[in-house]
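Across the two complexes that follow, chain A remains constant while its partner is chain B and subsequently chain C.
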Partner chain A sequence: MAMAALRREGRRLAPLISPRTITAVRSSPLYPTLEDEGPLGVRHISTQVVRNRMKSVKNIQKITKAMKMVAASKLRAIQTKTENSRGLWQPFTALLGDLPSADVKKNVVVTISSDKGLCGGINSTSVKISKGLHKLNSATGPEKETKYVILGEKAKAQLVRDSKKDIELIITELQKNPLNYTQVSVLADEILKNVEYDALRIVFNKFQSVVSFVPTVSTVLSTEIVEREAESGGKLGDLDSYEVEGGETKGEILQNLAEFQFSCTMFNAVLENACSEQGARMSAMDSSSRNAGDMLDRLTLTYNRTRQASITTELIEIISGASALEG
Partner chain B sequence: MTLNLCILTPNRIVLDSEVKEIILSTNSGQIGVLPNHAPIATAIDTGILRIRLNDQWLTIALMGGFARMDNNEITILVNDAEKGSDIDPQEVQQALEIAEANLRKAEGKIQIIEANLALRQARTRVEAINAIS
Partner chain C sequence: MLRRALGLLPRPIAAARARSFSTDLPAAHTADATFMEAWNKVMPNTDPPKTPLSFMHPRPPTPSSIPPKLTVNFVLPYASELSTKEVDMVIVPATTGQMGVLPGHVATIAELKPGVLSVHEGSETTKYFVSSGFVFIHANSFADIIAVEAVPLDQIDANLVQKGLADFTQKLSSATTELEKAEAQIGIDVHSALNSALTG
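Let's turn to the complex of A and B:
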């Protein structure tokens, strides 16, 4: 085997071989070699290539680790806000009920997604659910229609491909400024003005914990549907028992209430989705830096083997050269 | 018999306690709520809310929202709320003056409406302080 290695090296060093074999041998490490297949089919990667690879993998590891830290700090900041906003929509649900099964003609699906990528699978799940809702609604009858309102670049990219005609409104770059209620209520206002709806279904990822994000749908019904459901009894039956004051007509108050409910639910949904995005990004970057670490270990082993192989061949050349001189 | 009062804003829970009686101002006037009131759902205007617990009255400035009362549980959802004790009198005086000045030089419908809104909010906060003292 040593002779085979020598033959291989000999072929490469043919132009450099001189009576002074020692200098020829010394120049071999400087000879930039590339991968080459010897007669036995053994690959001979040079150390330079492996070293370059190790450097780039190490850089990737550093970057993903930094991204994970950034996501963790952003998560902490936004998590307190989210928890505070959770109490906001619960009274609405207690009063008006959350009826995902309400049978309505005009459905509007509001899909909330992130603008930036590298955050795991949360955007795909939101889009899948939105498409599912669309199919569900159109399957139950021809006069039912479903429209999309999209928040965020990622859902836009996925939904524009096959449902372009059903999209009413697209809003992106939501997270440029820190999220606050005024901004979201303006947004909610825009949506309510431009879109006709009987029921609004908000699709987002609820933040259960740092490792679990559950896709959820919140339903906000328009006032006519609420009246209809209230009359038919069931969950909303007690709505009629409330004495409504503070305005001219009951309808006007309920209308305002519905709009307020929508903006509160939107606020909560947007915050939860932002939390989920940061959490998902944290875990994605964590697994990616761990993979980079594993890859680095494997490359280090390869590097050491290559290095030792080249030292061995050097020694063999020296020894055989020396023995050739003697003998 | 006490009422469980809960005041929520989009950013935080302002108050969550038991009270004896509340007086809140709606779009159509002020209403007082005692325990065992009939269930009501009303819209709240920008104004002050007075709470009585143990013969002591507290004022809270509310910036518009909704209230719901059911079975001795009151839930108030507003855009913003400030406890009277948390308001700084000097700062509020200044805010009031600024709001009045803005209203005087506001032009165009939108600016006038905004200035009016800011003025009402500033006035509410001033009232909240005065009502305690």
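Let's turn to the complex of A and C:
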């Protein structure tokens, strides 16, 4: 700051001493002052700062536009797969119904989220719903426990902060290879092997349209709970009327059924969440590039104002100097 | 919040306002009431999540007389082959053998083994080779067939089937661990089923 003051002092004396020697003394790039040098040591207000900001904002706008295009193309690819997989979970719901309010001791909440960020609020919604389910289950009684199985980095970051002891499994880098049923069924197998459960609740964002993603919870009940609910009547009451073909015991077939149901619902859930992620990223990047455009307009106005002000100042100085010489 | 407001409007308006893709089913407003109540008690400021029931068409109840046609939904993870198609009969490869399903069949849950699924509609038959899966037959003459893989029979190459069978038979004889033996056995089962599907 002292150097800048000295420089300013030097410049004020400049027109009296020698106009040419001072042109070597420029503001160094390390100390950008708002004052610029012109011929005859006339001072301009510098537009450098504004120009730098404009350049960086323009770059941000280009990058976010590109990210939006990338997300749009990825969305197109995965959307057809998702729509085709929507028929997969319906037979299970038609047979076994949908009982999110079933009273169970061991709940497992499978939270599906994305690995990459910049996708709007979908991951926060999923985590909020998962925590809500945890609260819901704990509110019904003291011996109820809720464990988390986390798919994706973003949910992991949020849940590790306050629910570290409840997390059973964390799975990341799901979308490294294109999503397919084999991969998801292996994953489902891992989860079923390693986690004890009475009810599995899969939390994901269902893809309604490019701008709308609905948080959804799919419940898969274990065979014991299904039998308990069937016996007590209600929604699953007529499950007993179904004859079970094959196998040594009915329980074996129902066990296979529960596992198959879990892998099918997981497949659909993972695809829907991936679709929602791309759609949310598209809209986030779109609003971001629009904001960058607005900011660029405002900066351009400021730049022009500053530039015109400095030109006016220069003119005034020259003209008043000239008229002082004449008069 | 808007969704709940929409729920108060009559159904046709709500359906017209819901902007969704044609392949998606309209969100029916039947949701689990106990779940919604319990949720609103614990988390009053957040909307409860939707459940799959609200995304499904409700199934028709069991009719008093046997309907003339069987309605079949045949789904795979990557496509819905047949969706609410009305047919005369389907023959499914259950673990207990080939099972014929006609309208009015008793409600059944059956696991499938690798084999041929044939759909009979009038005079034409479509045959698929399915890897495995489940079939649910409901009392209202709806049949849901869920398979992991299915191919129409004309897309199967006989030479590759023979080669695969020979490969797996050789693997079984050279297998050491239980896991390898089981894998080789599964390979043999599938390939011999493929073989009999092509010849039979």
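To be clear about the criterion, the second predicted complex is superposed on the first by the 283 of 327 C-alpha atoms of A that agree within 3 Å, B and C clash if a C-alpha of one lies under 4 Å from a C-alpha of the other, contacts with A are read in each partner's own complex, and residues count from 1 in each chain.
Here is the rule we use: contacts are C-beta pairs under 8 Å (C-beta built on N, C-alpha and C of every residue); 3 or more make two chains touch, one makes a residue touch a chain.
Worth saying up front: this structure is predicted, and the values here are computed from it rather than measured.
For the composite obtained by overlaying on chain A, chain B and chain C cannot both be accommodated without a clash.
With both structures placed on the common chain, the touch criterion links A:L301 to neither chain B nor chain C. By the touch criterion defined above, A:V186 reaches neither chain B nor chain C. When the two complexes are overlaid on their common chain A, residue A:F260 makes contact with chain B and with chain C alike. By the touch criterion defined above, A:T216 reaches chain C but does not reach chain B. Touch criterion not met for A:L325: it reaches neither chain B nor chain C. Partner contacting the larger number of chain A residues, of chain B and chain C: C. By the touch criterion defined above, A:R86 lies against chain C but remains apart from chain B after alignment on the C-alpha atoms of chain A.
When both complexes are aligned on chain A by C-alpha atoms, chain A residues 81, 84-85, 87-88, 91-92, 94-95, 180-181, 238, 241-247, 253, 256-257, 260, 264, 267 touch chain B in the first and chain C in the second. Listed in rising order, the residues of chain A touching chain C in the complex are 81, 83-95, 97-101, 128-129, 132, 135-136, 139-140, 180-181, 185, 203, 206, 208-209, 212, 214-219, 238, 241-247, 253-254, 256-257, 260, 264-265, 267.
Within the complex formed with chain A, the residues of chain C that make contact are 19-21, 23-24, 32, 34-35, 38-39, 41-43, 46-47, 49-53, 55-56, 59, 73, 75-80, 83, 94-96, 99, 106-111, 133-134, 136, 138-139, 142, 144, 146, 148. The touching residues of chain A, counted against chain B in their complex, run 81, 84-85, 87-88, 91-92, 94-95, 180-181, 238, 241-247, 253, 256-257, 260, 264, 267. Taken in their complex, chain B has these residues touching chain A: 6, 8-13, 26-28, 31, 38-45, 65-66, 68, 70, 75, 77, 79.
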